[in-house]
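In structure tokens below, several structures.
In the two complexes below, subunit A is the common chain; its partner is subunit B in one and subunit C in the other.
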Partner chain A sequence: MNHFTKLAAATLLAGVTAGAAMAQELYAPNLSYRTGPFAATGIPLMNGQADYLAMLNARDGGIGGVPINAEECETGYSTEKGVECYEKTKGAAIVTQPWSTGITLQVLPKTNVDNIPILAPGYGFSPMADGTVFQWAFNMPAGYWDAADMIVQYMESEGSLDGKKVAFLHLDHPFGKEPLPVLEMHAESKGFELVPIPVGLKEMQNQSAQWLQIRRERPDYVVMWGWGAMNAGAITEAVKTKFPMDKFIGVWWSGHDADLKIVGEDGAGYKSISWSFPNMDAPVMAAIKEHVIDAGNTMSNEEEMQGVFYSRGVVISAILAEGIATAQAEYGTAEINAEQLRWGLENINMTEERISELGLDGMVPPFSTSCANHTGHSGGWMLEWDGEKFVKASDLLQADVAGYQALLAEKAAEYAESNAPWPTNESCSAMN
Partner chain B sequence: MLYRTAGQFKTSYQADQALFPVKQDAFLLGVILLLAWVILPMVASEFVFQALLIPVLIFSLAALGLNILTGFAGQLSLGTGAFMGVGAYACYKMVSIFPEMNLIVAILLSGFFSAAIGVAFGIPSLRIKGFYLAIATLAAQFFLVWLFEKWAWLYNYNASGAIQVPNLDIFGIFVSGPQAASITEYYVVLFVVSLLTMVCINLTRGTLGRTWKATRDMDIAAELIGINLMKSKLTAFAISSYIVGVAGALYVFLWKGAAEPNAFDIPLSFQVLFIAIIGGLGSVLGNYLGAILIVGLPVVLNLVPNALGISINSAMVEHLNVMIVGGLIVFFLIVEPHGLNQLWRLIREKLIIWPFPH
Partner chain C sequence: MLADIFINPWIDMVEAPDFLLQVLWEGLVSGILYALIALGFVLIFRSSRIFNFAQGIMVVFAALTLVGLHAYGVPAWIAVALTLGVMFILAVTIERVVLRPLVGQPDIILFMATIGITLFLIGFGEIIFGGENKQMISAELGIPTGDTVLEPWGGLLILQHLDITVVIVATLLVAALLAFLNFTQMGRAIRALGDDHQAALSVGISLQTIWVLVWFIAGIIALVTGIAWGARAGVSFALEVIAYKALPVLMLGGLESITGAIVGGLMIGILEKLFEIYWGQPLLGGNTETWFAFVLALIVLLFRPQGLFGERIIERV
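Right, the complex of A and B next:
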């Protein structure tokens, strides 16, 4: 009997210590895609994300003294692998980062049941901005509808859009169709003609048919919602057909340095709206260089680090880290859980001061989230390719969120209804 | 010794024509069914359900459907993915038009839509064969995926163009959608898959199966002995597409939860075709073995480095995984070109005469 008690006590002790050992880190998995057809754009983003968190671990010993385990689970951008990764990581995870619109669509309804915050910075379903309906989903600092609105504003700043023609070249995929409601709304109110031109997933690299149509239609602007191989295809085709590059505007996922390096000088004038900017002089870049690059713990390289996507990865991790820090401060514990991180992500206040405190000067516009506003609507800069790199071509643009607030609420309600029973957060009354 | 068939005398035609005339086979099947229906659900975690059990069953069913057409009736098809899509969209439309409909009924009905489409695209098979027929089914693949994208009514005019599975319940228990528990989803899938497998085993043994095999082996000879080729080929297309359509409905409703049109694109057709080929054309068991190899093994391999405590980059794991699975496929095809089913058949035969081979 005595023997048995000892054994039981030992097991219990082992269990407790093992439990404690397990909790000595914050598990923030990333459903990465370093393989597959979109790897070229995925790698710099993943490297930026990983390097920022590695820097925090090396410099500060993590966040609030607890190291972050930013394990990657490879999806290759495939939704099937995405589900597998989500199921594999969700047990201990405090956040899930699905990284593809397809995976986001699948994971989104599940997070409401599993109670895990889903962080989809700058992608996913735009109505996720409505925090009352999408309690667990975050797409700060800006959503696709913000991007569409800012692009329209930018075009308008070059002269009235009345009677003009805007071609909307997009990937024929949930991602590409996402901004259509807002663009259609603006086309109606501002009097321009919107010509949606879809590019099928199989035609990404050969868009001659689409560009023939663009030549025939003679649009004043081409707005692009492209990803992966589609961007390079469109940009080279635009150069070939001599479309004026300064009338060619892409979303933030269409502003990849490597895609424009292919055409170099010929691509000068191409624009891309963005909520992140590669500021190599920002203190955070120096810190990453010191603690990660020089220590040899990176998979990145000098050239990649100067690109827009690497710095965007850094900003994304910084947002996540800020959410974690906010939650830690609120709950007075370093080892937060998923529920507490949700509160943290809902209460991010990235003021100018906070941004420079984090060393992110000029890399992300200030924004703040709330219980009802899960996007933050930071606004963004219009970046322009000068032949060698992206430079800021405008001041900070702000999306006119009030203009599509009704649409946003309507779509969110529609989603909740078609997924009933869908618990909403009634305690949030203030809208975006 | 373990698999001795000596002494198992059949005294009636009925016993001789039983589904599993050898006692050990029936016993083995019993063990597998017990495992699938009782033991696995008790021990499986949510990850095992979602990443292993459910997809393996669904892909087995899809491969079984294709195997009826390609393995039993000899008509090569590259349109499986699109036919799965027809089933999925049909089921989606049915549950959105009749929300109170029982999901299992809707899934079983959705197969009829893909059967009808399958027959329509099977008509060219009366005139053309082999690779040329493959091209005709490839046309179905491209056309249907295009239709899923363009026909907004199919996805209820959803802005993103994707279909999203609602929470559906049967007698108060959620069986699909995010609220459903994995174990319920598993049982629904297992029920449908078991049911259709049973039907298929019987079909392929009966008149219809023999007609298909005759058509496959030599269609002119089959016609000469009085087989109606049109009937034989079109029934193969209909039944194959029915099963594939049901698999497609299960694929979206009980596993993925959401799907965009390009989920049904040609890679899915190839995946199912590979399962059927590696499992063994013209077999029922082979589909399960093939699905375990192609769908299940990569998931298990992904877990190995972590379980062994080796820390390697997840992208590297993925690359290694592709190489290992590719290598295994080549290995199995060299060892046994007729697929895993044949491998099992040989092992079984050896076991029967063991330990005294002649």
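Right, the complex of A and C next:
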């Protein structure tokens, strides 16, 4: 081998090695919140997310053979810190998971410029469903407007809502106001009176004024959009004021086992719509136990793992992993970039068979995304607290998306116009 | 509109007196808890001119220590005693490590130091106890549950036994504090230090001892507050924000005044509830409790910059 050939071989080897070193992992940062007033609800979710990805790393060597690095950046649910975390982690990130509607709204325009997909399962800005406008944002398997629609459907299944009164107890925060357009639309079309009752961040644990208003208004139902300490505060006040718990329905972020355990039996009948459900018999839970729990690599505990939020964390990471796997299959490479993951996330097809293949039986309803549909609209189950745990109280409910499709498109267009110039995906014409 | 402001609320009150009583009761319960938290601030401020930003996190830390010790199998009342021990150690540590080296520094430095204590306690607490919501050991402490339902004027008045207990315990604690400050040597020393720092030091009052004492008393108040709020909606770091409700109480009552803390707490607790129910919710869409107390305090400050019971400071230049 002459000198030139040796040099060429060495250069090639160095190039291959360096390339391998640079792309040894898929960097999927998580803007988590394990501290602050919302930590109680954040911790089980983050633990579920982390444990699922740790299981994939331990069992399969990652996704497509490439380990996934799900580094957490602590935000404390603060929008300012969330934006800082986004800026800090965006460099090598293939996805960003903002974990708050406030943070999502802040980073939404930035991701258009940075070309990083936002993954906000079950939260964020509901019109993100419109993939033609929000090319980089995903909130599958269901959005807040789906939740509001399903809750209204459920209430209506118990009798006509005409002439009834529905109190809407919500956190006075972008998250809490998200479902208002759909609730107002239904109030008008179905003839019920909607009474919005905001809860300030400093009043989360002392909601006596809000529940005095509920006592005065005598609503037929209370619908809650609560988060963090607000949930426990509301549920204890409901028990205290003797509000019938079977007429009290929360969004999926208001269905945390630990919040209900504070009132125990007194909370029996409380309901929460949910696109996830804990199934300890699902194969994925056994895999997590074998590869993560038994190896001592979890921050969770047995009680938490049986709860709704831990299993939702597992499902969220499974959705991300499925997006990554879909992109890897499409582009023929395991080391995908952010743009390729965007394609993967908008081509997820979670059929019953695929859910079963992933070992997630009974934990998430089937759904699929597309270029134009970034939410998937999976539907959800109405869960009910039986005094000890959440159980399914309904078959799978499906949101009547057609009923507010026009509103989605209108609000998405409104957002794009007020943030002009806003790039849209012209090749993605039909909503599906 | 004018009728909604000036006439209708009063009609509502007269038409549903049972509901008005319920509003007043809820306001009283909140108010007495605000007063309790404000007392923690006032005691430390009087003796050291330090605005203790860490009072809120001390509430969380005390409640978490109590619940955490019980989770390790310590019987409830022994856990209370041990928690008081922890709060005493915390007071000694703060005095030795943080405050003593800063004696003579400007007030703002000492205030910043309490922010540092807050951040340390948040991190330390989360490492030891985790951030999950925990159940207060109400039953183990013998705190009664259930309620008494009265029917005044044929209406409905629900009195939670927990709230009744909170009002009684908080009132006893405030009375005990006042007795301590007025009738014991140490209590008088605290007041002397508050009245005139230099004069108090010149007659041999130990600054270090008094600082440890007031921080320990603030720790006791934090524990009682933590139990009271924790029994309502669980123990988590969200309890910290409750302490910020004491800020307008201090503005209203005056930072140095124990009477001001008590009267200010009760006034704000009751008035913010009345305003929210009869004016805020019908006219402004609710959630006025987040700002009402501050506006009330600002109005008072316009006429009495030292607060209702604060000392008027005249500085000659």
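Descriptive notes on the structure:
Please note the rule applied: the second predicted complex is superposed on the first by the 412 of 432 C-alpha atoms of A that agree within 3 Å, B and C clash if a C-alpha of one lies under 4 Å from a C-alpha of the other, contacts with A are read in each partner's own complex, and residues count from 1 in each chain.
One rule holds for everything that comes next: a contact is a pair of C-beta atoms (placed from the backbone, for glycine too) under 8 Å apart; a residue touches a chain by one contact, two chains touch by 3 or more.
Being a predicted model, the structure only gives us computed values, none of them experimental.
Judged by the touch definition given at the top, the superposed model places A:174 against subunit B, while subunit C stays out of reach. In the superposition on chain A, no contact is made by A:188 with either subunit B or subunit C.
Once the two complexes are overlaid on the shared chain, A:212 sits against subunit C while remaining clear of subunit B. Contact with subunit C, but none with subunit B, is seen for A:236 once the two complexes are overlaid on the shared chain. Of the two partner chains placed by the overlay, only subunit B lies in contact with A:32; subunit C stays clear of it.
With both structures placed on the common chain, the touch criterion links A:294 to neither subunit B nor subunit C. In the superposition on chain A, A:353 makes contact with neither subunit B nor subunit C.
Of the two partner chains, neither subunit B nor subunit C is touched by A:388. Contacts of A:197 after superposition on the shared chain: subunit C is touched, whereas subunit B is not.
On subunit A, the surface patch touched by subunit B in one complex and by subunit C in the other comprises residues 34-35, 172, 200-202.
Residues 16, 19, 22-23, 26, 29-30, 122, 126, 130-133, 135, 147, 158, 160, 229, 232-234, 236-242, 244-245, 272-273, 276-277, 281, 285-287, 289-290 of subunit C are the ones touching subunit A in the complex.
Residues 32, 34-35, 71-74, 76, 79-80, 83-84, 87-88, 91, 101-102, 105-106, 109-110, 112-113, 125, 172-174, 177-178, 180-181, 200-202, 299, 411, 418-421 of subunit A are the ones that touch subunit B when the two sit in their complex. Residues 34-44, 172, 196-206, 208-210, 212-213, 215-216, 228-229, 232-233, 236, 240-242, 258-259, 261-262, 304 of subunit A are the ones that touch subunit C when the two sit in their complex. Subunit B contributes residues 46-47, 50-51, 55, 149, 159-162, 164, 166-167, 177-179, 255-260, 262-263, 265, 299, 302-303, 313-315, 317-319 to its touches with subunit A in the complex.
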